[in-house]
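First chain A sits with chain B, and in the next complex the same chain sits with chain C.
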Partner chain A sequence: EADSDGAPSILVPGAVPRRQLCFAWGPAEVLVCETLFGRAGTGEGAPSTSRVFVVRRDQDIYIQTLRKLFNESHGIFMGLQRSEEELAGKSRKAQLVQVSKNYRSVIRACMEDMHQAAISTRDPALQGQYSTQVSILSAMELIWNLCEILFVEAAAAGPLLLRLLDWVRLHVCDVDSMVREVLSSENPSKHKLFWNVVDIFVLQGRMDEARHLLSKEASANPTSMNMYKILDDLMKKMPVPSLGNTQTLTELELKWQHWHEECQRYLQDGTFASNPHMESICKILLGDEDAILEKKELMTTWYHFLVTRLLYSHPTVKPMELRFYAQSSMDLFLGGESSPEPLDMILMAAFEFEMHQVIKECSIVLSNWWFVAHLTDLLDHCKLLQSHNLYFGSNMREFLLLEYASGLFSHHSLWQLGVDYFDHCPQYGRVYLELHIERIPLSTEQKALKVLRICEQRQMHEQVRSICKIMAMKALRNNRLGSALSWSIRAKDAAFATLISDRFLKDYCERGCFSDLDLIDNLGPSMLLSDRLTFLGKYREFHRLYGEKRFPEAARLLLTLMTAHIAPCSFWMTLLTDALPLLEQKEVIFSAEQTYELMRCLEDLTAGNPDKQKFQDDDVETTKVEMLRLALARNLARVIVKEGTVEGS
Partner chain B sequence: HGDVSAKFCSRRSADALRPLPPRLQSPDVFATAGTTICDNRISIWSSGDLGNAGLNGEYHGEPRLLCDIQHNGDVMDMQFLDQERIVVASSTGTVTIFRHHQNNQTLSANHRWEKAHYHVDQDTSCGGAACTGVVCSNPEIVTVGEDGRINLFRADQKDAVRTIDNADSSTLHAVTFLRTTEILTVNSIGQLKIWDLRHQRNEPSQIFSLAGDRVPLHCVDRHPNQQHIVATGGQDGMLSIWDIRQGTMPVSLLNAHEAEMWEVHFHPSDPDHLFTCSEDGSLWHWDASTNVSEKPSFLHQGGRSTAYLSHSTINQSVVSAWLSNDPTKDRMEITNLIPNQTLSVNSLDVLGPCLVYGTDTEAIYVNRQLFA
Partner chain C sequence: MFVARSIAADHRDLIHDVSFDFHGRRMATCSSDQSVKVWDKSENGDWHCTASWKTHSGSVWRVTWAHPEFGQVLASCSFDRTAAVWEEIVGESNDKLRGQSHWVKRTTLVDSRTSVTDVKFAPKHMGLMLATCSADGVVRIYEAPDVMNLSQWSLQHEISCKLSCSCISWNPSSSRAHSPMIAVGSDDNSPNILAKVQIYEYNENTRKYAKAEALMTVTDPVHDIAFAPNLGRSFHILAVATKDVRIFTLKPLRKEVTSSGGLTKFEIHIVAQFDNHNSQVWRVSWNITGTVLASSGDDGCVRLWKANYMDNWKCTGILKGNGSPVNGSSQQGIFNASLGSANTSLQNSLNGSSASRKQS
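After this line comes the complex of A and B, so read on.
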């Protein structure tokens, strides 16, 4: 519904009418929620049910077939960005025209799919929606095609008219069904639509087809044979511009003048006087505006009228002259009865070579940025847009691409296309990408991996760290320590690796055994990521060595863990306790040096700052320390004796 | 070789293909998973004989949708259990069997194991963990997930036959059968593990890993005939070939793709051919048949052993080109089947002469003349 200003207002279903609402803009939607305050003037306020509404406007993203448009045009866009810039002149132009044609064929393919969907659906609302989309796509293709002729190909006088004729034939009116109807009837020349078809052929410059139909009339009506022969001859001889360089414009103009005069003579002689249809055709051939205007219903649009006029009065029209003819054609055709529609204004802007106007009008009329973004990009590659700087700094092409790509990011799978578009926006693309990519919901690990890959390829280190941290925290909360470690390794996040190792060690202290041995035993070089992780790996190795009864090695390792300060101080007690069984072995394992080291560690641990005093308070701890001191002393005694003894070797 | 297969590539940008896996039921029929406006759907397509075969048996038409059905959550993996049933692994942790009724071309959900994979607490609403891989050997189904859990189901039984909780401390990315009672899994800390399902203990019987960085492994496949040959693909795009009879290290490491390798498949009837697809947007065909100058003849389904002998010397096929020490020395021809792809190829499947793969540009591609 629209309020008095014409701005649309939206009813939020479920919102309590007495409350004021507050809102916040999002990338593609508005978040609305109820506040404590009553409506202005009522003064009532009370706690509400605290609901948040998501109001979304852009339906285009969610319509099925447009996704095909987005996906396929992405491929064409990328191809264009990567295409050879070194090609100059004709080959570059041909390449750009091909790109334009590719875009158009994608639009047409989508139109076809949308049309199929409209036919096959049984829901009238959906059918209406599809049909609307079909007409919008059709208008888009119409505009794009005209832009291709005038801007991309920049057809010169001569070929310009031929292209415009093609354009009209392709888009403007649906002749084929009429033709079929007439041709398939028993007596075509007696069909009520017969002359309509002939007229439209003439209006569209389809001389051969017109002549073919006329011959049927002639054979049915021998009396008009003479007239027919003359008309047929005139139509056959009509000079038209050619695509190749077989004649210059001046030659064409001369020939055309000649032919025009010949037609004039026949008309003035009254050759066709007895057959009003044929007379009307002759007048059309002469470019008589009134005669052409009489066929308004057949032509249906002012631009068809324009092209027909040009064909029969000025076939060598130059591109810059189009604007005058276009304006007058529109005025004559509409005749003050109806006012121009947005589509008419856009086409007019194109005929006037006002590219910026075309883009501006299209932006206003169309509901998403797809069309203007891609068209502007193409025109930019044709070097047609001056760097038209907008007041906030980026140029028009970039602005439109940024808007389009941002829209893609609100969709759960089209965002990947958006990344490529941002890549090709030199000024702000990277910043936009950085902001958007962090907000993609990471519902599965595979999605997170894709996002990470994109960030890594673009050296977006902050985002890599941030995403890995999010995934690692999620994994940690779910007790997937291996996954968490794997994410920390990817981000080279030493701090997090330390966190995970502490978790493992905590688990060990609580349970007395390691969980996830498959991980700790197989850390490999990633062990070096953080000191704590290294400690964890080495500590596990110690346990393994002990289990394999390789005591001397185990002892050495244990000592290194403490003396090289790989072990955190909090763990030293545990390590020393682990040394106990080694000290108690029958065979002496620790050398004197090592025993002194151990003793020193123990003293370091128990002496010193008040924090460590709490060891003394705890009975169990005191007993442990005592036992250690005893074992160390005993070991020292034994080893001194052993080392002091002179043995065989 | 590359040009020919591109010519016969028929492309269908179907109703939204979101990453996932296309799977071949027979050379004419394949299943895909995709997203529409608000839900995910499993679809069955016929790429088959719509009567459009040209002079040389070329196929020019587009695949035709036969039927589809709604699915909860993203499809992470799927595999055909038999000619009619397909098992689908969901990102919600649910495993579902769908039955394709060929007489009236419909799909129905046949059986569902809810919360087959979950984090910490099975009963919390958000506790579901994605089920990342599924493999079938009728009637047994094995699934693995982000929760590090391995489940063994039987198609007709309501509850899991066996569950190994905490089988792995990291995410299990893929699973495949090694022998009828043994499975292979790969995980995100770069380990390949063999599990013997006959034993009741919850430990792998063997662990293999790459030296160097623990690069996550994303996919695994076993050679169809020589069961000791296993291929894995990693996050760095590296293809590793393992001989699990010997050692814990791979036999060869082939620098393949520039980004994650999502799937690796030996051709089921001609295992000298291997296919890999990757996040970098390429799909590679690895041809290890010895005499690469001689194109292999068109393969028939039943002629498996004859095809082997006809274009390779007997000695070579016994030893298998995959295990030779220098696979790059004019033994392997590697072709990228997609010259212009821009976004990731997420999944592929191959059967007979038919190759089907899906990409992030929401398109499914079918190539029906793989070896022509």
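After this line comes the complex of A and C, so read on.
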């Protein structure tokens, strides 16, 4: 049921009608919850049939089955965007027609898959859904095929009719089983449906097949041999447009006129009077509307009727003349008994060359944007939607592509196709991509990396930064400092890198060892992102050098950390304490100059420290300072002696 | 085709607000039972309640998520005259196994003397900042300068709107061309024709928020208000829930240079007005691209509004309850939008069942 303003209703099962609803948008879903506006609750533990509904488009069924359609059409779409625009005229047109055929073949492949799925499932509900999808796909292919003939190929008078005949033969298949039945029977000419099949062949311009069947009838019925021979001859001689340039339209029309007159003479002479079937065929050949309309049940659709009419009354019909024949065909065929369905209106709009109308009607009737988005894009490439035709021409293309691609983003893997579509929407594609891509749940590292790669390729710096920050934050909350640091570095987030480095250092102070050594050891140039990070890297290096017993280098580094102010003041005490084992080595490591430097650092630390109280009252701290002073003094003594004794050190 | 999953929320009183997190994998509900519940979506699509706790000493009106860049953070506001900020603490492994998580209160904002009716986080490019509005007509903007220390929030601005406030909306635009902007709606229903929507803009020179505009055509009580995401447009779009649904565009004109510094003037147009709800409209909210507006009213429907490529707005769908029970076993109920039934008519056309030949 639709609302009075024509909008479709989306019923939420289980939700009480007319209960007020509060809601919230998500990236792919809408939350809906029963509430009462403008009122506080009853405050006394009221009912809670309070339920929350999570509403979303049901992608599951058609995504599974249409997934192949989406994937393969994506390839065709991309090929089209990149295709050679330098090709002009006939080659370009041929290329575009090929693209159109490719799309149609993908639709047909999908139909076939779904048909298989329908017959192999045991669940009647699923079967129903699959069958519905097959019908919809079939309708889409029917419409697309007609658009290809009229718009993409823009078949001219002559070939136009042949294309339309092919189209009808391919798509009006209700009669196929009947045909098979008759042809495979032992005695076709005795089959009760024999003449129906002959009629069908004639109505569809399948002259050879009609003649073949008729010959069987003739051999079974020698008395009508004469009649048969004449009819057969007429059918053989019927002038039809040819695809090559072997004759001009004028020549064809002339020949056709003569042939038409010949048929007329035979009919009027009563040649076929004794055989109503053959007489009716002759009338059809003459384009007699009533005779053709009598075969309504065999044609099944008004557009079949249209093409048959054209074949037998105006085979050289021009594209622009189609609209008149189409309208009158539909009127005659429906005969006021039924009204046109949406599909009929779409096809009519196509015959009237109202491209915009075709797209608009399809948008309303089809529940996904795939069809209109791809068809419109193709028509745009054919330069049929230029601004001078419709002022919103390319806007419409983009609008539809944006809708289609946005829909893909609610799917956990098809969103990647959406990215490419956004890339080819010059006006809003980028911002739509930015908005959608940052909402993709980063459930795993791989997914995050995949999303990041896409953003980096497109210089979407803000999104890169944001995604990395989100991942860093998540890692930090779970105390995975190494991961958090990696992400901060990737985000080039100096502030956060500093924060995490501080955490590392704090952890070290508390536990006496580092976590995530691999990461810190291999920071490389990214160490320079923040001062604290640089310190962290260098400090770890100090520990490594110490561990490898490269004491002089370690000592030099340790000193530099303080003198070059790489280390934060808060850490100096720790560094000086780290110097102790170096000072107490058997061998003298720190030079005199270095020792003086260390002493100066210690004095700076204790003197300039606002927490002087702390140093004085805290026994541990005081002891440490005293130990350091002692060690430094002893080292100084030793080194003075050493440097005084050894030459040229 | 649309699918709905039903979740028994188990609040003991009316639910006033539901909110999705940024990625759509967590949601929060708040209720007159004074509690907030947080739900997580599992890999297979089921929703589980992972936290439920008492947040206030009065009805909780709104609950909202901060941007995930700041971690897992919620804000709530209540009849009890306070707003609160909550952070999820990663718990012990036992909790994880039981699928539970803990939320701790980081701060209580107690400056309001009346019910706090709305709370909204500012766009992330402004840092960790939020705004509240109260029935006392004051909008308060708070900031946490250190994002790693959520217990420190300072009141940065107090905006006196002179009318009881019901809702606020931050302009999400992060463009340098736009100063921070906040829209405030008032549900004051004493008889007057004062503008019930005011727009405040941050002035870089005075470092204060000043009133930039008042929508004079909105004189009925306003229940909800929402700026649309900015798609790189130069102008802003604002939806208002009042006695009907209204959509305004605000186009910045050249800044007037006065002694107090630049204050933007706007050209205001109403681009859509819908009274289809035929009753008070209580909520309006934009989807993530700002292409669809949803509204909800006293009539018990949620309506979806969309503009076509010619910028004409119209209703493209109506969500409403149909009352039939949900299948007990699965969490799913499948039903057709009439878009689906249109597919049936397409199918009928193909089979030639109605337009082309009579049923035999």
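Odds and ends about this structure:
Heads up, the rule we're going with is that the second predicted complex is superposed on the first by the 521 of 649 C-alpha atoms of A that agree within 3 Å, B and C clash if a C-alpha of one lies under 4 Å from a C-alpha of the other, contacts with A are read in each partner's own complex, and residues count from 1 in each chain.
Methods note: a contact is a pair of C-beta atoms (placed from the backbone, for glycine too) under 8 Å apart; a residue touches a chain by one contact, two chains touch by 3 or more.
Keep in mind that this is a model prediction, so the values were computed, not measured.
In the superposed model, A:S483 makes contact with chain B only, not with chain C.
Of the two partner chains placed by superposition, only chain C is touched by A:S135; chain B is not. Counting residues of chain A touched by each partner, chain B versus chain C, the larger count belongs to C. Once chain A of one complex is fitted onto chain A of the other, the partner contacts of A:L334 are limited to chain C, with no touch recorded for chain B. In the superposition on chain A, A:K68 makes contact with chain B only, while chain C stays out of contact range. Once the two complexes are laid over each other on the shared chain, residue contacts for A:G89 go to neither chain B nor chain C. Once chain A of one complex is fitted onto chain A of the other, the partner contacts of A:G644 are absent, as it touches neither chain B nor chain C. In the superposition on chain A, contact is made by A:M78 with chain B only, not with chain C.
Residues 62, 443, 478-479 of chain A are contacted both by chain B in one complex and by chain C in the other. Chain A contributes residues 1-3, 5-46, 48, 50-58, 60-62, 132, 135-136, 138-139, 142, 174, 296-297, 300-302, 333-334, 337-344, 364-367, 392, 395-396, 399-400, 406, 428, 431-432, 435-436, 439-443, 466, 469-470, 473-474, 477-479, 499 to its touches with chain C in the complex.
Of all the residues in chain B, the ones that touch chain A in their complex are 13, 15-16, 18-19, 35-37, 74, 76, 91, 119-120, 129-130, 132, 146-148, 166, 168-171, 187-189, 191, 193, 204, 207, 209, 211-214, 216, 235, 259-260, 279, 340, 342-344, 360-363.
For chain A in complex with chain B, the residues that touch the partner chain are 62-64, 67-68, 71-72, 74-75, 78-79, 412-413, 416-417, 420, 443-446, 449-450, 453, 478-483, 485-486, 489, 515-516, 518-519, 522-526. Residues of chain C touching chain A in their complex: 1-20, 22-25, 27, 29, 31-33, 39, 43, 47, 59, 68-72, 79, 88, 90, 124, 148, 223, 229, 231-232, 276, 280, 282-283, 285-289, 291, 294, 296-304, 308-310, 314-326, 333-335, 337-340, 342-352, 354-358.
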